[in-house]
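Heads up, the next two complexes both have chain A, just with different partners, chain B and then chain C.
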Partner chain A sequence: MALLEVDQLAVTLQSVAGLVRPVDVVSFDVNRGEVVCIVGESGCGKSTTALALIRLLDEQAILSGSVRFDGQDLLGLSEARMCALRGNRLSMVFQEPMTALNPVKTIAAQVMGPLLLHTAMSAAEARVEAGRLLARVGIDQPARRLDCYPHQLSGGQRQRVVIAMALACRPDLIIADEPTTALDTTVQRQILDLLLSLVDEASIALLLITHNLAVVSEIADTVLVMYGGRVVESGPASAVLDSPRHPYTQGLMQALARPGAPRLTPIAGTVPDLARMPAGCAFADRCPRVIDACRIARPVAQTIEPGRTVACIRAMELT
Partner chain B sequence: MTEAGPVILSVEDLSVRYRMPRRHLLEASKFLAAVDHVTFAVRAGASLALVGESGSGKSSTARAVMALERPSSGRVRLFDQDLATLSPGELRRLRARFQMIFQDPYGSLDPRYTVERIVTEPIHGASRAERQQRAAEALAEVGLRAEDLRKHPRQFSGGQRQRIAIARALVTRPALIVADEAVSALDVSVQAQVLNLMKDLQAGHGIAYLFVSHDLAVVEYLCEDMIVLFRGAIVESGNSREILREPAHPYTRELIDAMPRLGRRRRVAQVATAPSDAAPAPGGCLYRLRCPRAANICQTAPVARERSDGRQVACHFD
Partner chain C sequence: MRNRLRVNLWVGTVITLALLAIAALSMVWTPHSVLRMNLRAKLLPPSADFLFGTDQFGRDVLSLLMVGTQNALSIGVVSVLLGLGAGVALGLIAAARGGWIEELSMRGCDLMFAFPVVLLAIMLAAAFGPGSINSMIAIGIHNIPTFARLTRGAAKSIWTREFIMAARVAGHGPVQISLRHVLPNVLNILVVQATISFAIAILADAALSYLGLGTQPPTPSWGRMLKEAQTFMSQNPSVAIFPGLAIAVAVLGLNLLGDALRDSLDPRFAGRR
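Let's look at the complex of A and B:
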């Protein structure tokens, strides 16, 4: 049994334009010690999927399907039981560390927070543990940093503090939504290495949401490519990125600026409006390989190789 | 090709210093040198990238070039005129020849204005009909339609908004466009559209770019030459492709190694402590606290030397 089993998850929201489905039936597993990346462009539903898993979406959002975490169905849990899990066995790291940290509380108070909430530690014990956690995430002079406020730290150090908080209660799963997007390239490298080392050392599972295909290529075991609220392609990261089979994944790879490219190939058109999703394939209007049949029904994910799916009716003929 | 055009922008020994907040009233003011004695030139039709991490001074340099920041010392000469000596009126007239594109296409377009008002804003002294005509032409150049003139920014996607920002920059037929992280916030597929557009405009109109970016792949695609800045000073400059293939300064190497890359699988054994972000004591190489090659000689500031291939490197070990 996988640590996290997401089965037919869908999110429906009420908007001014009527009901929209930013996540339209997504299924995947995350195993212990595995790095799973969800990749896609703005509005593809990747962040909404992450927030739905941990039940941090607006109360108006209607969730369907099931999310099983270590056998427990998260969608059926009471808010109190969910709170007991969040920041404990299941923790989160977001894009902008400054908004995740409380500006008027010391680093010690913030890192001690989850320890005092979820464990039986005394304040003195929690403070010692907080220092240990800061050292673990590579902050130099951790004892001195404990009494700092967030504004006294650099962006990279703040993100390390957020990761220390996420680690505090020895989680089984960390969900990280664009954790390095706001950081410099050199700091991004350090934070990615840190997350990877935690996965290796403690067999933590990491679900990483990113728009950066190069990051996926470097750290993911498994990748899910999302478009229009659906998973269009999934499988081992190296296989998917080396030989993408869905026209959208292929388009993304061709659009990437890379050394020696004489000219980039953008994907024509724009993402479909959630309120006016087509009946057939969501990518049909932009797809260079579209045929009439693409517009009739929504393509079902087909398994083209063990562990590899493509939601394109032409998956078998196109390589 | 870059050698052919005349120099249109010349930055000479530019420094920009900011006053640091004082801890108490009687304390002497301290200054932070955001840009520290930077010199470079851009020729007509050329493209030069400024790269570096936050705090490297790349945006401050771009802002000084746009006359949005006053140099503490040194000069910015645009079309042979020293920006500091121009009256506000002269500066306004000169602005038609150099325009800026910012990072955030959501924040840089006023949501209350129509596209027409946004795009025609830099035009002075023309009739309404003429302004409309020029705005429609600029929109056509970036792949938007004349009827889009009546719309508001909210009716466009992120990539389209950045096109509107580019149309506004183009409408006065500038010789130089300063682009500060102009494609960083865009999705990959849209980024490709905007980069291709910028390249086409350069080929078609001979526009020169001063392109501020942290993305080395994008820099290599768009810019023939690049300058690497660290803590306000130039550590390396020269041909982009050659620098990226074979960096000479250890900081350039660090930047290149840090760049995530397709097809490079990464596994790490242990957590490294964050490198120091403390400012080194003045006098030596600014990179020495982070440099893997630092030695005693680095207590003395290295002087930039020009190599036979035209590359400049400020490192004792080059």
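Let's look at the complex of A and C:
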């Protein structure tokens, strides 16, 4: 049994334009010690999926399907039970380290927060543990940093603090929503290495959400490519990236700067409006290989190899 | 930046402490009795014996001002604390819960805004008799919507910040988030509003006293002294000047202190000191 089993998860929101489904039937598993990446462009539903998993979407959002975390169904838990799990057994790292920390509280107070909430530690013990956590995420002079305020740290250091907070209670699963997007490339690399080492050492499961395929190729074990609220292609990272089968994944790969790549080819057009989703394949309007049959019904995910699915009716004929 | 902050803090602290000291001193000693009238010495200009002159009953203005400090401070403190306590709680709840709770509490505030403080004081006076306590309560209730609105607005903007989401992800509930994350971030504007409300409370008590609803004679009140001085200003300007100065200096001192406190409550400024 996988640590996290997401089955047929869908999110329905009420908007001015009527009911929209930013996440439309997503299924995947995350095992301990595994890095699963969700890739897709802005608005494809990847962040909404993450927030739905930890039940932090707006109260009006209607969730369906099931999310089983270590055997218990998260969607059926009360808010109080969820609060006891969040920050304790599952935690999250955010995109913007500049705003993910409270500007008027010291680093110590913020890292100690989850410890005081979820463990029986005294304030003094929690402070010592906070210093240890800062050292673990690679902040030099952790004892001195404890009494700093967020604005006194650099972006990379702040992201390390955010990761330290997420690690505080030794979670089983960390969800990282674009943890490196706001950082410069060298720091990005360090943060990815840090996350990977944590996954290896503590056999934490990592669900990483990103739009950056370079990040995926570096750390993912399994990759899910999302488009228009659905998973269009999934499978082992190496297989998906080396031989993408869905035209969207192929497009993403061609738009990626790599040594030896002749030239970058952008994907024409934009993501379809959630309120006006086409009846057929959501990617049809941008797809270079579209045929009439694509516009009739949304293609279902078919398994083309063990552990690998593609939601394209032409998946078998295209390589 | 650093020097201005220092000066604000020092001047504000000195004035505030001086007010407290004068209030304490006036309980045991004043240059002249504030209750004994002396009509032969009425409306005298400042002199060695009467430093700030005398009023229309021949009472020493300095002594009246000193005793009036007690009244001014207690009106300010009580009415601000009442407004702050109830208003902040209401504002935090409204911002945290949203929905009909927010709508109800804010429409309640609209109702209270529309309700004149004088009318409230008249009602309280009719029920419990006039006096400074009822005047404090009336002004305090009048302060509630101001603080509630301010807190709600600021708290709502804090609730949209990402660190609140981070706190929720860490497993904090709405009560903990409101107290530990939202309140510290809105404290700075509340301090400033508290100093402003403090000044307004002194003036509001003056207005109520004028109508016979606030502090009752013979208890000295800065505001009432100022109001009564209107009639005698041409004969002896000092009866108007000194109460006016007392109010202005007290308000200035509290504003400076509030300003300095706000800056030092914000680590982004404090870090530069």
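Everything below uses one rule, namely that the second predicted complex is superposed on the first by the 313 of 319 C-alpha atoms of A that agree within 3 Å, B and C clash if a C-alpha of one lies under 4 Å from a C-alpha of the other, contacts with A are read in each partner's own complex, and residues count from 1 in each chain.
We take it that contacts are C-beta pairs under 8 Å (C-beta built on N, C-alpha and C of every residue); 3 or more make two chains touch, one makes a residue touch a chain.
All of these numbers come straight from a predicted model, not from anything done at the bench.
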Review point. Based on the superposition on chain A, does the combination of chain B and chain C result in a clash or a fit?
Key: fit
Check your understanding: Which partner does A:Ala84 contact after superposing on A: first (chain B), second (chain C), both, neither?
Key -> second
Exercise for review: Classify the contacts of A:Met112 with the two partner chains as first (chain B alone), second (chain C alone), both, or neither.
Suggested key: neither
Check your understanding: What's your read, chain B or chain C touching more residues of chain A?
Key -> B
Exercise for review: Applying the touch criterion given at the start, work out whether A:Met226 contacts chain B, chain C, both or neither, answering first, second, both or neither.
Suggested key: neither
**Study point:** Arrangement angle, chain B at one end, chain C at the other, chain A at the vertex (C-alpha, nearest 10°)
**Key:** 80
Exercise for review: Could you tell me if A:Glu218 is touching chain B, chain C, both of them or neither one (first, second, both, neither)?
Suggested key: first
Practice item. Could you tell me if A:Pro103 is touching chain B, chain C, both of them or neither one (first, second, both, neither)? Key: second
Review point. Touching A:Thr186 in the superposition: chain B (first), chain C (second), both, neither?
Key: first
Check your understanding: After superposition on the shared chain, which partner residues are touched by A:Tyr149: those of chain B (first), chain C (second), both, or neither?
Key -> second
Practice item. Quick one: minimum Cα-Cα distance, chain B versus chain C, in the superposed arrangement, integer Å. Key: 5
Check your understanding: In the complex formed with chain B, which residues of chain A make contact?
Key -> 41-42, 136-140, 154-157, 160, 184-190, 192-194, 196-198, 200, 211-215, 217-219, 238, 241-242, 251-252, 255-259, 261, 263-267, 270-271
Review point. Touching chain A in the complex: which residues of chain B?
Key: 53-54, 157-160, 187-193, 195-196, 199, 214-218, 220-221, 241, 244, 254-255, 257-277
Study note, to complete from the structure: The residues of chain C that touch chain A in their complex are 161-163, 165-173, 176, 180-181, 184-185, 265-268, 271
Revision key, fill the gap. Residue positions on chain A within touch of chain C in the complex are 54, 56, 79-80, 83-88, 91-92, 94, 96, 99-105, 113-114, 117-118, 149, 151-152, 162, 165-166
